[in-house]
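Sharing a structure, written as structure tokens. Questions coming.
Chains here go by letter, A, B, C, D and E, matching the order in which they are written, and residues are numbered from 1 within each.
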Amino acid sequence: MDIATILGILSGVGFIGWTILNGNDPQAYWDIPSLAVTMGGGIASVLISYRMNEIINVLKVTAQAFIGKKTSNEDIIRLLVRLSQKARREGLLALESEQEEIDDPFIKQSLQLIVDGVEPEMIRDCMGLELSTLQSRHETGQGIFKTAAALFPAWGMIGTLMGLINLLKGLTDAANIGPAMALALVTTFYGAILAYFICQPIANKLKVKSQEEILQKEMIIEGILSIQAGENPRLMEYKLKTFLSPKQKEHYDTQSSPGSAEAGRGEATGEPITE
Amino acid sequence: MDIATILGILSGVGFIGWTILNGNDPQAYWDIPSLAVTMGGGIASVLISYRMNEIINVLKVTAQAFIGKKTSNEDIIRLLVRLSQKARREGLLALESEQEEIDDPFIKQSLQLIVDGVEPEMIRDCMGLELSTLQSRHETGQGIFKTAAALFPAWGMIGTLMGLINLLKGLTDAANIGPAMALALVTTFYGAILAYFICQPIANKLKVKSQEEILQKEMIIEGILSIQAGENPRLMEYKLKTFLSPKQKEHYDTQSSPGSAEAGRGEATGEPITE
Amino acid sequence: MDIATILGILSGVGFIGWTILNGNDPQAYWDIPSLAVTMGGGIASVLISYRMNEIINVLKVTAQAFIGKKTSNEDIIRLLVRLSQKARREGLLALESEQEEIDDPFIKQSLQLIVDGVEPEMIRDCMGLELSTLQSRHETGQGIFKTAAALFPAWGMIGTLMGLINLLKGLTDAANIGPAMALALVTTFYGAILAYFICQPIANKLKVKSQEEILQKEMIIEGILSIQAGENPRLMEYKLKTFLSPKQKEHYDTQSSPGSAEAGRGEATGEPITE
Amino acid sequence: MDIATILGILSGVGFIGWTILNGNDPQAYWDIPSLAVTMGGGIASVLISYRMNEIINVLKVTAQAFIGKKTSNEDIIRLLVRLSQKARREGLLALESEQEEIDDPFIKQSLQLIVDGVEPEMIRDCMGLELSTLQSRHETGQGIFKTAAALFPAWGMIGTLMGLINLLKGLTDAANIGPAMALALVTTFYGAILAYFICQPIANKLKVKSQEEILQKEMIIEGILSIQAGENPRLMEYKLKTFLSPKQKEHYDTQSSPGSAEAGRGEATGEPITE
Amino acid sequence: MDIATILGILSGVGFIGWTILNGNDPQAYWDIPSLAVTMGGGIASVLISYRMNEIINVLKVTAQAFIGKKTSNEDIIRLLVRLSQKARREGLLALESEQEEIDDPFIKQSLQLIVDGVEPEMIRDCMGLELSTLQSRHETGQGIFKTAAALFPAWGMIGTLMGLINLLKGLTDAANIGPAMALALVTTFYGAILAYFICQPIANKLKVKSQEEILQKEMIIEGILSIQAGENPRLMEYKLKTFLSPKQKEHYDTQSSPGSAEAGRGEATGEPITE
């Protein structure tokens, strides 16, 4: 899990807990029926909005997005450069033997298409379609949390309205108006916490992760098509490096020079990129 | 009806009902004139916003969207693969005899165009136009519920304002300010329930259903054009499978292997996709 | 005028009127100075936002949009099919004699371009430009009502703020705080009615009408270019029918079969579309 | 200055002034420190948001947009038609002598490019770039006023919060709570007036003016390229007229018939547009 | 640092400070626990929304954006014109010696590609990719501050809700309700200041800076491709000048005439742009 996520959760829970404990009566913030109507109502609206299997799927994917680890862009560039060099030396069919050592299913699948001799236009189409299906699945995931982030405060307000109606209807003794109003406000408090501390940040993080994954897949598509077209590996490496941030680029160059001498040599000695 | 929808409706109604019954006076939440002005006003604004036949049409389509069942993407891919194989063996005209067994009017209609020998460009144009007309009809449907979701809280607020004006104007006895204010707030409560429990979730669900249907139709267009172009059925199958989610893809592969041996054979034995 | 619009206006006015009459004092909702500052202020902001001639023009067009009647898409398809058949039999110049019987200026004008022998590319450009000018005029119209719908509640709030400041500044007797507050809230009430019952629904209806008109004009452009290209009238009919909703399509087919036997014959007898 | 702007400013000031004077104490609405924190804070946030020279530039351009006058689209069409006729009779180089009599720098500059024999593709590129730079400058201008319209109410709220905190902290005598609260609300009032009466309408007007100017420039580009291509002046006139509204078109035709007989003749006598 | 930024910060702090000091009790606005829950909660939500390295990176870039200085567009045009003239006189390889004197890494890198003889299409692709990676990095930066600007008021509201619940729950003595409420409102005040005085303006400024940088890079791409294509330097200068505002253009022409006589000569003497 990302260090920022852990820090965020701990510090958020800490600040809320500390404020609650500093109050006159910590129990004032805890009311099961209020929590039930806010969470229950919000989840009910989300259930009507989406399909069951989508919701279950998104919960799984979200857990994975927060915990899972992915291959770095730099490693993928190195892999693609190596494949490109091999393909130029030994032909496209030589890539078949490489497939088994590759973990990423997206690269594996595309290599199979190259080896099978499918036309570049068709490969670009298939990979593009796969990318846009992936993107729309990601958007559904973000959409579920964004919808929840919009509905929880609404249900918090519904809960508070119900509390106020109850309170005002039975208003006989001015003395207990305070605690009753406090109780009515608790649902708004729950709605705000659920939306602004949980759902909205998760939707944001899912978007960030999705953008990263799609960028990586776009980079892979560029690389695969370049390999198939038999482009110069050094030129391909240069092109793929434009997908890196300046810091990653620097890091990549430092790592590549000693490590993969073959790929980095031309650059180090100032040789021209073209042959 | 989707299990999530049923669960959502039941749990939402349950949580609201439970909160009402737990209150001092369940009747405090029930006021016919308040309901009339909130719902009536909101519906009046929706009526001015749209045309009568659109509104009636949307209500029908919505009912269908919640209840109706549609053919799965996997079955459609299997059907298209079978048609493609037949067309390659026996020629495009052989598809005419297949038409009668196909339920989906969109596929049926496109097959007729192929059999009639209409040019691919024209078929793509016609099917694309049909898709965009469908999409704009769907958007009108979502728009009606989104408009309603925005107008109900506004009319809830109008009702509360009218209640407050009435209450404040006749303010002589401080004792009955409570119940009168409770009554004024009831319209805001109705507006919130109508918007966040009914209209907004319906608009969301219609959007999800529309995206699914349009994706399916795009898949059909790809398939039909591939059949007409005489592309390799296995390659077409590969391309259409990019429209499936990873889970559906896995499920499709499992089902296809024993079931439709012909389509799955090449894959199972690791034969190349191209001929 | 559309039946939904009439129903909407009547029911909206009815619900508001009924709520007012049910109150303690119907006169509480009526205050000329409050109406003046809400409407006057909102209109003043709209006047600064747009040009005088645009505002006047939009008011005219809006009246027309609510009252005026337009040719149905089905009639236009029939007309275009008839023109297409004539052009194929007697040549493009024969269309000149038809022009006088056509009401729609957009079709008339385009036919003149065909008769004059202007190139297809130029006709598409001119008609496309005309369409986009129309669209931007429509958007200005919707924009004026949307702006008003956003500004009226703001001025309602300004009115209420002024009422509250006045009330609080002169607060000496707690007894008359109620009626004064009621008066202050009346401007918010006016702002909400003007926005959510009048301006927002009008802006929505203008958008719906604009989409319909633009779809119709796009259909005409497709038809005109098809006539000029000398395409098969039956194929053109098939293409134009994709602009219809399923219900209109069905209705069109029922009407066409007995009425315009020539156009419908091929379809009825199952003849192929191509020659 | 546009008549609508003057009317808007006068009526807006009038309605506010009248409401203030009708109140118990006109001085209740006037508080220098409140104005200072609302305006000062809003302007401070705008200053951090943009660059100094942009802000100064926008203020200048805004003044010009409200006061300045521009050439009508109809006059520009007449000018372009005249230039087109001259170019066809005497060649493109003959346009050099016309340049001096043209005020519009955009037309002047483009004519120079034609006379210099620059290629059409290059002219379209340069004029397109100029247009998009203009558009992004306009958007910055609108953006500054939109930002201000969003920040002034926020600072009005900050002022009111500060007033309330001050008031509640020192709450000892319930008697002076009214006037103190009135004072606290004054900043919200200022923020609303600054946003909804001044900044938002100016941003709207700038957008309207910008759209007009860009449409005019697009029309000029079409005309200039048509002149360079040596297209028929009557056809060009027809094409450029699609940029006019129906009313302007009618007005143009009425004016052109007697005035510029040469350009209008063909149309009046029903001659075909093509030669 | 931009003069407007300094002015904005000073005046904003000044107006807030002055209002606080003018109040009854300046200490009313200062409460460490309130600041902790508002800032801490907002930052916690931002931490969950983004990755740690992105957040750290954005803080660095932001500091640089406010302090750093960049080369003016005019200087870059002059540089590109000089390079273009050299390339036409001495060939593309002569650009290699120029590289060392160029500071801008984007120009340097592109020149290397030209010298290496990479194809124009490939150069355009690489530079375009680099630009879009840069743009998405900039958008992440703006996104972090926009997210913070949306979350701080939400956490201010959460803080106020907690304060109100605490206050109402323990409501026994009506005398101390005032100060307790003041304290509850302080978190809303902090949230508003953090959002509308700090985060929103920074997000705006980052957007303005990003647009400037991207425009400059687009101008460089146009110039580099023009140099490679061997276009006339004067025509290239004319094209690049369309990226300048009218004021910059005027300034550029004034500076260029005496300074770089060679580049300005043709223009001054009215020579045609083409050779």
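Just so we're on the same page, a contact is a pair of C-beta atoms (placed from the backbone, for glycine too) under 8 Å apart; a residue touches a chain by one contact, two chains touch by 3 or more.
This structure is a prediction, so every number in the text was calculated from the model and none was measured.
Asker: Work out which chains are contact partners of both subunit A and subunit D.
Answerer: E
Asker: Given that subunit C and subunit D are copies of one sequence and touch, is their interface built from the same residue numbers on both sides (over half shared) or different ones?
Answerer: At the contact between subunit C and subunit D, which are copies of one sequence, the residues are largely different (under half shared).
Asker: Indicate the whole-number Å distance between the mean C-alpha point of subunit C and the mean C-alpha point of subunit E.
Answerer: 41
Asker: Between subunit A and subunit B, what is the separation of their C-alpha centroids in Å?
Answerer: 26
Asker: What are the residues of subunit A that contact at least two other chains?
Answerer: none
Asker: What's the contact topology between the chains, one of line, ring, star, complete, other?
Answerer: ring
Asker: Can you trace the ring for me, subunit A first, then subunit E, and on through the rest?
Answerer: Result for the ring walk from subunit A toward subunit E: A, E, D, C, B.
Asker: Using the touch definition from the top, list the residues of subunit E that touch subunit A in their complex.
Answerer: On the subunit E side, the touching residues are 33, 36-37, 40-41, 43-52, 54-55, 57, 113, 115-118, 122, 125-126, 129-130, 133, 136-137, 140, 147, 151, 154-155, 157-159, 161-162, 164-171.
Asker: In their shared complex, at which residues does subunit E touch subunit D?
Answerer: Residue list for subunit E touching subunit D: 2-5, 7-9, 11-12, 14-16, 18-20, 22-25, 28-29, 177-179, 181-182, 185-186, 188-189, 192-193, 195-197, 200-202, 204-205, 208, 211, 215, 235, 238-239, 242-245, 247, 272-274.
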